[in-house]
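Below, each structure is written out as structure tokens.
Each of the next two complexes has chain A plus one other chain: chain B in the first, chain C in the second.
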Partner chain A sequence: MSRFKAIEEYEAPRADAYRLLPFRFTALDDSSYVLTNIAGEHLVLSNESLRALVRHNLPRGSPEFVELRARHFLQDSVDSVAVDLLALKLRTRYRRLPEFTALHIFVVTLRCEHSCPYCQVSRQTEDVAAFDMTPETADKALDFVFRSPAAAIKIEFQGGEPLLNFGLIRYVVEQAEKRNASEKRDLRFVIATNLALATREILSFCAAHSIDISTSLDGPEDLHNKNRPRPGRNSHQKAVEGIQLAREIVGRERVSALMTTTSKSLDRVRDIIDEYLRLEFPGIFLRPLSPYGFAVKTNAIAAYTTARWLEFYKEGLEYILHLNQVGVRFREFYASVILKKMLTSDESGFVDLVSPAGIGIKALVYNYDGAVYASDESRMLAEMGDYTFRLGSLETDSYEDVMLSDRLLDPIEESMTTSVPMCNECAFEPFCGADPVFHHTAYGDVVGRKPESAFCARNMAIFRYLIAKMRDDSGARRLFLNWANQ
Partner chain B sequence: MLALSGKFEELRGLPEGSPRELLRVTTNRDTPKVLARAAAYLCDTADVPSGFRVYLALEHNRRHLDEISGKAPTAVLPASASFLRDGDIIRLSPRNASYRVLFRVHSNHNGLLLTERCNHYCLMCSQPPRDVNDDWVMDDVERLIPMLPITTRQLGFTGGEPTLHGERFVDLLALTKRLLPRTAIHVLSNGRRFADTRFVEGYAAIQHPDLMVGIPLYSDDPVRHNYVVQADNAFDETIRGILNLKRLKQRVELRVVLHRQTIDRLPKLAEYIGRNLLFVDQVALMGLEITGFTRGNLEKLWIDPYDYRSTLESAVDILAGYRVPTAVYNHQLCVVTDRVRPFCVQSISDWKNEYLPVCATCDLRAQCGGFFSSGVRYRHSDHIRPVVTT
Partner chain C sequence: MSIEKKIDVDLSSFNLDAIKRAAYRCSNRFAFDMVIAAQTASCTLIFDDDKSSDFVELAISVFRKELLDQDLRQSIRAETENVRNVILAHAFSLTGLLKDEPVQGD
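Right, the complex of A and B next:
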């Protein structure tokens, strides 16, 4: 007789039933379901095992049982700490909520020398006075910025082309730094610019004040120039030269690029990725077109369907996976945002895929004219004549008026995925987010009907794709874990 | 392997009933009288100076002891104690004419056993527990700490389960902080006692500047963990202990011993750590030491590290993916994959660290952690081979 007991003797007594911890599930394919719990752990289970699980028939000690217990989908008497760990993970996920608002967008001008058909907001005009932000307005915006409780604050300069009003950028940076001497926030700046007007002097200022550069790059020269017309038809050349110069003066890691997918992009995903590779970017954000501004007016949004965009996205992701297989490190940033939710107990806080929604509490927009908007999309919507998400004005409203207004709090509360019909029971809820502005724009209310929602269709498809990929391809899983933890 | 303890060949002047003594060993014949009175002089030449508390000599030097006049006790050490150096600390036990070297001044692997008692009974325990009252062991450690040089770089507290001493263990840590303020302390504990809020608060209140507790976690499956440590509720209490320690910002190392009962779920455990315990300070994945209970249970424990190398790689990939500082202990570089090699550290305590003859021509020998002496003697991988790097 051994002094040591067998493993079976450490299982809970047969009479003790296991109990289910909160989880949701949805069919992944014909033979399996994906289960998710409130902390975002997911598990793929065969149809039979799921049935056995919910009928409390799953044999104790079976591989599925052990897996479900270790991942906190079920609990029995050997494991009382599971609920505490679930609570801890959930708390971790929401820990940034009290730290509102981290991103403050200053629309320093609506003027732009580009005339991109998909652009939501820009104006071609010489009339400086009509579309530029004044220092007085900027001062009031800074009052709002420093009322936010967030310890880390980022001020983003947008347009139009913000470099057309560089004087005001300089003013805001200097004033913000002056205030921050006593505020002591983790203060950062970023300029969203097409770089066509970037000079050594401007970039040196950025270097001296740790200002990041975020530029637009839609792909190779012909595609980029078709998407982004400007006098001289040299937008691509200007962007590439600007990127190189900005890297040299401001710093390589301080320069990033964003692309917009138009109908002309759809057959070109490899070319687009190759262009980012050629310019030595560490990754790309494969973005869909948003239904705002000129994008709607010019019908560019109708030029392709969600299904077509998904094809484009998957082809791009497959190509990026291939690149990594052959030893070229390259990332896709939207997948990274989702994978962080899937594979870690953390949350990237990405404004467009978070619940409660990011409007107002993740980002505030100060328009050139002093209007305060709940998000970048909100002011684009206003340019189309819909002022639903105009929260107030720097001229007439206090910080409290804006942040406590029903215009802000109602859509946040009404769109929370934990309570919205169909979201609340969706297995992918932990990975998803609320986008009240999109749903209002496209469907007339902040919730929308999920079966008709392009937001829902697009994200669900990506969730399924990523989960299946990780199940079937261990190399992809390893890569995804790295993306999730970047 | 160094024999840190043994029996004297001969012990004179300390009758069986006299108390244990802790003495600093010295070879300095010019030691001032005031210090000599509390020191053990290790004779290696003729013309032995007077005034020391005890005189020691290795067997081949025993003739020098004959010169000693007066009543000073003398002891003859076996040849296996030849590693003794000036500044080491030795315990003499007259009751059974034995000794133990408690501290070696030139070693960075000084571990102090605080008890032989344990509330685990691990399948692979290298130090099988004994349920005896061994408060005297703690008495000795409390006497030893004041004797250690303030320059000591690191010190380990081990067992048995050190926290079974309760408040006395916490008091010992506090004493160590006061007397050895710049010494890094590493505690080996199963972590269960830290589930007790009052206890963990006392531990944290010491505010030790360089203290780490190494806690074993063998599986993400509570039943498997409890089986490996042969104790009910162990998993629950250990996890609660870890959560309490980290809540109070104490440093925690997770230790996983790799063997047939833990290897299959190792990647799952790595994921579990990434999702639930991301705040631990490091994870050590440790090769099996073929000693203690392991030898009796070798049948159910042994798996050739070469055969689990891809599983180990997956686990390391996952932990590294989650940015958890990870180290692989007790593995030879020739039995792990290329990706795992940078994670391997030379972890085996110097006194029980060896290599095989075949290792002599290996280009990686200098970087390799080698073997436990017990591994060389009883069981090691069948795939040990010299690595040629050029």
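Right, the complex of A and C next:
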């Protein structure tokens, strides 16, 4: 028996040479389409080739045919394993679904010494009792944490400024580690802090317990201080000093930073990136304002449109590409999240860009007062008086009450992109997500009409930009492959 | 007042589902109405009266292109229905989730 078939088997043109395998397509630009198969692999075809493909007129020996067969968009008699391979890839794509809630956010206090106009939740008060989580509430939250079947659990401390209630952080870490001695989970901690109150003692505790530090850095000093007012007008100085001290004590790789784009940031993307470079961060997450809380009250959201934010984002990404071309290694993390989905069979676990939505089943929030929310944005919405995604209370509700509640399951089910109009036929669906909290906030229902959705417009523009960039620029493609695999 | 544009679509070339899907995709550009008579779908595209003629013409062009895309999508859906189900069944065959589940149509 030969190890391979006769050459005619591979070359012979056949009138009925192939059958289609399931795929979706969406226009990339005026002359081409993006196609994605059921496992989320993509390729770009000209308008003419797409129509020829669907009408079974695509020449068998053409480069397009070979690529389409290799990526399982069609099957011919030579290829007998396409369906099995697609099934395997599909199963791989959904393999993380049963892992359930991995991220558990403890809002240990709403108090904060900053007064950022875009902040969703913070309070300027000395009244400790009114806005701090108690150890009793934290114990009940830990009961919920360890009810999740997730093998990897991350506990994130948020505020307000969580370091204002550091005693409780210490308590939760020690109690969680105690429970984990028998639970044996991959248990990690992160504190989202402005670092203004970080001391050697606090950071030494973080080092001893491998706690990550996620801080806020909005850009160079003038911009950061405008965005993030505090007494003394020294937020940037405090952040930079805190970053340096945290790196020294906790470790460089454990300290990361996040920025928020305000209207004042829009013309400063290069300055912002340069500041991250100056402080030796390996990348930046260029993210827009969320339509919640004080960002809405202070009209910060209306200060710029999705289109303007996209200009900002693309200018930033072009600058980062240029930096890499001249030998400066630097990443944009939102693009990296998307590229991992586009170019690998893995995903980053980023909860805003998944379907089914990540609310509850990927992340849970335990508020200082014992309320349980479906996501961080859900509790911010509650601060605006909308309690749609308040799933229950640690004081009165069981884990089953919360996780099987209609309040959680209805929006997850209704917003699944596989059944939402327009999403269900969109080529970008494998890279995108549901985000029912955003759509509820902006449009009054958890699905929203996608032609009018800012979420849809923003993400589709980024998907198109990244795919076109990879098609037109081999250097960018190599770089993006590198980002996807980090 | 609003601007109304009429487009007749031959139902022997495009089916109703494709027309509705195309109209939905354009729902940020115009409101939509449709009357069926024999083999023709008489579509009315309704624009706000502040829209320019360029905007209206572009929207009609987008709607027509979208109709063609929807027609192609239907061909793909129809041809791949069986293999889609095989792939999904195969993908979840080891999970135990579908055991004893009734199948649609049973």
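Keep this in mind: the second predicted complex is superposed on the first by the 471 of 486 C-alpha atoms of A that agree within 3 Å, B and C clash if a C-alpha of one lies under 4 Å from a C-alpha of the other, contacts with A are read in each partner's own complex, and residues count from 1 in each chain.
The rule we apply is simple: a residue touches a chain if its C-beta (ideal position, glycine included) is under 8 Å from a C-beta of that chain, and two chains touch if they have at least 3 such contacts.
Just so we're clear, the structure is a prediction, and the values are computed from it rather than from any experiment.
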item	value
Which of chain B and chain C A:R19 touches, first, second, both or neither	second
First, second, both or neither for A:R69, with chain B first and chain C second	first
Chain B versus chain C as contact partner of A:P421, first or second or both or neither	second
Touched partner set for A:D84, first chain B, second chain C, both or neither	both
Footprint overlap on chain A, where chain B in one structure and chain C in the other make contact	84, 88
Footprint of chain A on chain C - complex, ascending	21, 24-29, 69, 72-73, 75-76, 79-80, 83-84, 86-88, 90-92, 94
Residues of chain B that touch chain A when the two form their complex	121, 123, 220-224, 226-227, 230, 232, 235-236, 239-240, 243, 261, 268, 272, 274-276, 278, 297, 314, 317-318, 321-323
Chain A - residues contacting chain B, complex	3-7, 9-11, 39, 41, 61, 66-67, 69-71, 78-81, 84-85, 88-89, 343-345, 474, 478, 481-482, 484-485
For the chain A and chain C complex, residues of the former touching the latter	19-25, 27, 38, 50-51, 54-55, 75, 83-84, 86-88, 90-91, 94, 421-422, 425, 449, 451-452
